[in-house]
């Protein structure tokens, strides 16, 4: 009656042990740096009263949303939600340290720091989606440590470089979603192996897809909080919430409308993969223009295009990416975060020009170009490092998409 | 080891294809209407700062609460949560359009619009509960499109007709719960077929009932937000939250006390159906009197009566409805939303008279009468339309309570 | 394809029937007391606007967090989440009555009352964790009724006794966590039986452990709200949130670092039990010092020590407790709430001395000593009463860790 966890191949033992020491080392460094450097508690500022509620919504998106969205694989549930948990926690600690360095050793911590930690974690977890089931947790933690440095470099430059002053990306279409997706895809290309194709255990089952819907729906519901949290003006915050809410409804309806075109039997049935992912594309694509007065009609347009393009991406681009470019993208982050992130940037240029206002299109384009460059270069470098930390034997022989490699249970035998 | 989705009968293919075009058509209409009509963003008003948190709680109730509550059927999990997702999103878009028409073509969108969208979606999803597993998604979307028109007609009349000025229904016992339940039951009567009886796949299993508890508990927890969100005064909002919280605790305890009387073995064991549903009746029944100073004693009385009546409804009225009136009510919305909704209206009259104050009992009765009339007439008409959009062959032969009719998965073969 | 619930032994029928009458009696008492005593609605005070959001987070922790955390047992899912639901609701009603008595018959109800109800429920549900699967629901409700009296006695003394004036425990390390754990462990010792060892059904399976992660992660995410809700100053509330958030991240990373040392194969794989529980120890251990300016470095130290000690507790102390002291602790509440609760008190003394300030170490020690004394004496007395309310035959013969004893389903046969 009870389902059991699979068999353990023993090839991951070295990876498992190295992870222990890496995490213990990280704790020692975090304690040393955060205790002896100059950190302080921020004032009760503009953010104080309402931002905490928004923060908790974003927190749910990162740890329940991303975590459960990735539980769709039938033998990789514990790793999906467990490694998501670990990577998110590592990202929080490590972002403090990296942020401290970018602030020249002096850090004032407030609710704003907390949601910046979550955004950095979000970028790492998007990249995790591209690699899900194929690499060890050791490799993932190494990825997170490197990715946050590149992420911070890109975000810091975009916010502080005079050439990009005034660019708009309140919801992080570029800075978070496109960055995380292309970073992960670049790493996945480096780590590509023919073993990733047609792996016996890469697939969902009936109940794991239902667990994944928990993730999807929490992401979908709380996205207006994600996009509006950096905005301190209450009036604009309401605009962002309305735009994001409306675009997400439109993306959901459109994904259901378009998913059936991919039914191999010609029966126009729904594909769970599209529903779990493309419904969210409206939130991603709204990120760069959410604070503009695009109207609910504009929001329906953005959401509908994003939902349709993302669904078609799963039906068409996903295979091309794998076969032509040798990039295996387990969760399809290219279709959920990559393309919709770029679309978000483009929408901001188009609506910025249509509506007038102070948005300068080439600054958006410059940040997009910089984001993609840093993501792809950084992801490639990180992929090489990830390859180096695990022996060729482990990489070749450990079971793919299998929890038993990294999880022990007494009832296993 | 992995559970698979069931077999596909192919009778739903036409329904599936028509749904695609209906949804695409809806997007075209939404874009045209919402882009070219006069919509604007509301001011940062009374609601602005705190209402967003309440809105998110309600949002979770609609999409996680209702969605997972309906996952109890063993072969209909994806449709439960997936169609709930689709219908909710359709309701949001369509409510904008209907609201625009009722506002004579000029709509100011604010957090209040967002939670009104959710309330309209809630009514549709209650009706969905009566029909769960028996009709196609095409029929459900058609239902939502019609239901929101009738819902808005009833709500608009109750709020703007001088005869009903001053009626009280802050939590929507009548306007949302009773309306949604009787609308769905009326449609279910029209769509009744002997095939709905003793269908092999109508039943829960051990894990799907656990998924359903996710829905139950999120609904139960966030109900105080649902009932208090329309109230702008902080003092009264606290009263509503306390009353609702207390009534829900009482309904939960009472449902556990009374459920065992239905055990067929005379062993007084709990029935999961009662726990999933009757525990929530306290929130429904508190809707019309939540803003009165009934005291926590009064709240325990309302919650206890509602919990007991709802549980007994599942034990006794459910069968009568089916056998005498030929109404098949998959989720028992009559016992969760119908009777407790009417009770809520009655409680408001009783407490209004006991406590004095400005509530006029016959206005409550008038709104209740109007609500039931519009729901039953509207539900019957909508049932006829739903019957017309699907061929007799599909209705007769497609598998009931079976996801495979509408969902495709590669691992299915 | 569908999993079924197990067989029913019939030994629980008397327990089931007595529970019905106990719950009905409780409702009669609650209605009488709460209607006729002097209760009123509190003013819209300091707490009003923001506290409601914090309250809802705590509410999720109690009903989803604790409820799903305990679903890990493979045949006891419904009881885990269902009895958690029942006990929580009983605790809310009963706490009103006990609080009324401690307030000499006059109670003003506000958001603060609501979160105090939740804290009392939390203590009971921690104790439930020690007893999970071994006692009937009748015994659990009896436990909750007694425990809340002892809990209130301890909390009231700590807050109002002049000897303890000025003690600090904003997040309840002592008052809630240590109290609940040692109360439950004392009761478990009284109720010990050799049958509790090696029971065939005590164990998790692959999917139930995934349900348990829903509970873990909601507890982990919302813990900053739990610790900060009693604080009315916005600046200090932000400090508490930052400290708790940081300690939880550190506890998570450390639990993952240390769990592998327990792998019986020497392969350093993760143990799901540790991840589900020890990751939370950072929140418990931060409870008494969360409002101090310990810095994020201090928070990482507290979280890391708590996470490591808790994980090692599961690996080492758990067996000793069972074999030497004859205490069977199903969920390991000793490692999650007991030891980290005591650690929390110790950390507050250490940081209080290091940082200076007005905290007096011996007041912390006095409250800790009082808490442990009342918990252990109260738990022992309550254990005797729990033993008395169920016949020796039922206690000896009913199936352990089996839902079918208390739940009926039509599809069972």
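So that you can tell them apart, the chains are marked A, B and C in the order they are listed, and the count of residues begins at 1 in each.
FYI, a residue touches a chain if its C-beta (ideal position, glycine included) is under 8 Å from a C-beta of that chain, and two chains touch if they have at least 3 such contacts.
What you are looking at is a predicted structure, and each value in this text was computed from that prediction instead of being measured.
For the two copies subunit A and subunit C, what rotation in degrees overlays their C-alpha atoms? Round to the nearest 5.
Superposing subunit A on subunit C takes a rotation of 120 degrees, nearest 5.
Since subunit B and subunit C are copies that touch, just let me know if over half of their interface numbering is common to both, same, or not, different.
different
Could you give the separation in Å between the centres of subunit B and subunit C, each centre being the mean of its C-alpha atoms?
So the centre of subunit B lies 33 Å away from the centre of subunit C.
Going through subunit A residue by residue, note those that touch at least 2 other chains and give them in order.
3-4, 49, 53, 207, 214
Flag every residue of subunit A that touches subunit C in the complex, lowest number first.
1-5, 8, 10, 12-13, 16-17, 19-20, 23-24, 26-27, 30-31, 33-37, 39-44, 48-49, 52-53, 56, 59-60, 63-64, 67-68, 71, 77-78, 81-82, 85-86, 89-90, 92-93, 96, 109-111, 113-114, 207, 211, 214, 403, 405-411
Would you pull the subunit C residues touching subunit A in the complex into a rising list?
On the subunit C side, the touching residues are 3-4, 49-50, 53-54, 57, 74, 203-210, 213-214, 217-218, 220-222, 224-225, 234-235, 237-239, 241-242, 245-246, 248-250, 252-254, 256-258, 260-261, 263-272, 275, 279, 293, 295-298, 300-301, 304.
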